[in-house]
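Just so it is clear, A, B and C label the chains in written order, and each chain counts residues from 1 on its own.
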């Protein structure tokens, strides 16, 4: 499992970690039941504070992506596809909203925007 | 505390070459004179002064600060120094006796009793000497104490020298001689008791001084 | 007992300097960094914790025990490293293992020599012949070899080259893998603390300026660079303090994300522990 963090990103490090683990779970790279590295081990390898990794794992657990068993560690939770799909839908909507805002602010017509979307989704 | 003593012994061993050199020189000097008192005196004195050397080494290494972060009390540290001084004095005594034996056998003048008696007396004097020196070193540090050490060293020497000559000139009545003999019989025990007492007092003083020191 | 070290109301007076009301904790399983200028009082605090010096008042507990009453019990479980080697020049590592073994009940000479091998500390040379890095590694090996639960280090990484420093930081991170273990270290090499600390306690002129988590420091705080017009429009609650130069202002912001939301056009950079320290010491309010 690769986790790459950047000190110069505008996202806090714990968010970068939880985002990357989230994506890996959603894409199926980390299957259900997969044992995540311990918070301390991750902190050591990435050379960051264990408070950061703890926060990332806590957020992931809150969002239902992982389960932490005391004394055993953290594991990828059984995928609740509904929750995940809902989450991703929300994200997509967020980005589309941004595109719409830009289009409206610079006078791009709806039809132009739709063409771009078709291109991106279905390919050339 | 065993560990502290071991540490001092290692340091002494590692710095032993200069000490042995001095010892060899003194052996030759005393051999040329006919004075075993001189040899015994210096050898045991050397032995007891080694503890001052260990304190100097400790200073240079800033050892005490470190030692007190270990499960070692300040009493332990002080006690270990007293033990080291006793151990090294006895080591000096053993070497002195051996050297005197060798000398006297060579000159065919072996007097075991004399060697042992002189050794005993010098040991006692040395323990008294240490008892005065150690609290001073704890109070003022090794460097500043060197003058004190010189002064205190000269005093017993002077007493013995003066006492010897005066004693030889005394004419004693038979009663006085009788009393003297009784005293002389019990001298070893008296000396031992005095030495133990003085050392104990010295130890308490050292512990008090060391206990209040900020590291 | 979830605090490895607990200091409350520590006061110590010297002729020209005093510690005033020092209070902070080392939570179990964490690495706490003490930062501050030379002479700020970091070493004095550590010496008080270790009962190397007396104090006028204050409560100090280690592993939940009073640091004076249970001194011997506590010290079996602490490993200490100072900024210079404390071993005599003429000793070699075999000597050291022998007498340390008689001082600590839990001294493990195999563990000691394993660490020495791992750190590549020579077994047949005497301490005098060691480089500074080797001396520090020797002291760290000695500190770890009796299986302590707490490591206390006073400026132990200063004067080391970057490679040696990283090796030592890795050792600390390894040590912390066991959540019963904790580390308290003072350093003015703040970049080391940027890497490994969980919490930072900032000491200035004998007092605690703040105790924060490192993440709070590095991720929530930020530095705004702007001109005087923007600066004059800021309200005092929005920033901690500022530094002025001939061409503009640098402002220390306490909540970066909040600030960006309110002032989307302004650029706020990330901070390092060193930045924060300099702002507090040399900045103006």
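Everything below uses one rule, namely that a contact is a pair of C-beta atoms (placed from the backbone, for glycine too) under 8 Å apart; a residue touches a chain by one contact, two chains touch by 3 or more.
Source: prediction; values computed, not measured.
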item: Nearest-to-centre chain - CA centroid comparison; value: C
item: Farthest chain (mean CA position) relative to chain B; value: A
item: Inter-chain centre distance, chain A versus chain C - centres from mean C-alpha coordinates, in Å; value: 34
item: Centre-of-Cα separation between chain B and chain A, whole angstrom; value: 77
item: Distance between chain centroids, defined by C-alpha means - chain B, chain C (Å); value: 46
item: Complex contact set, residues of chain C against chain B; value: 47, 50-54, 71-73, 75-76, 78, 80, 82, 84-91, 95, 98-105, 126, 152
item: Interface residues, chain B side, partner chain C - complex; value: 2-4, 6-7, 10-11, 14-15, 57-58, 60-63, 65-73, 212, 214-215
item: Residue ranges of chain C touching chain A (in the complex, touch as defined); value: 29-31, 169-170, 173-174, 176-177, 179, 195-199, 213-215, 219, 270
item: Contact footprint of chain C on chain A as seen in their complex; value: 7-8, 12-14, 38, 40-41, 43-44, 47-52, 55
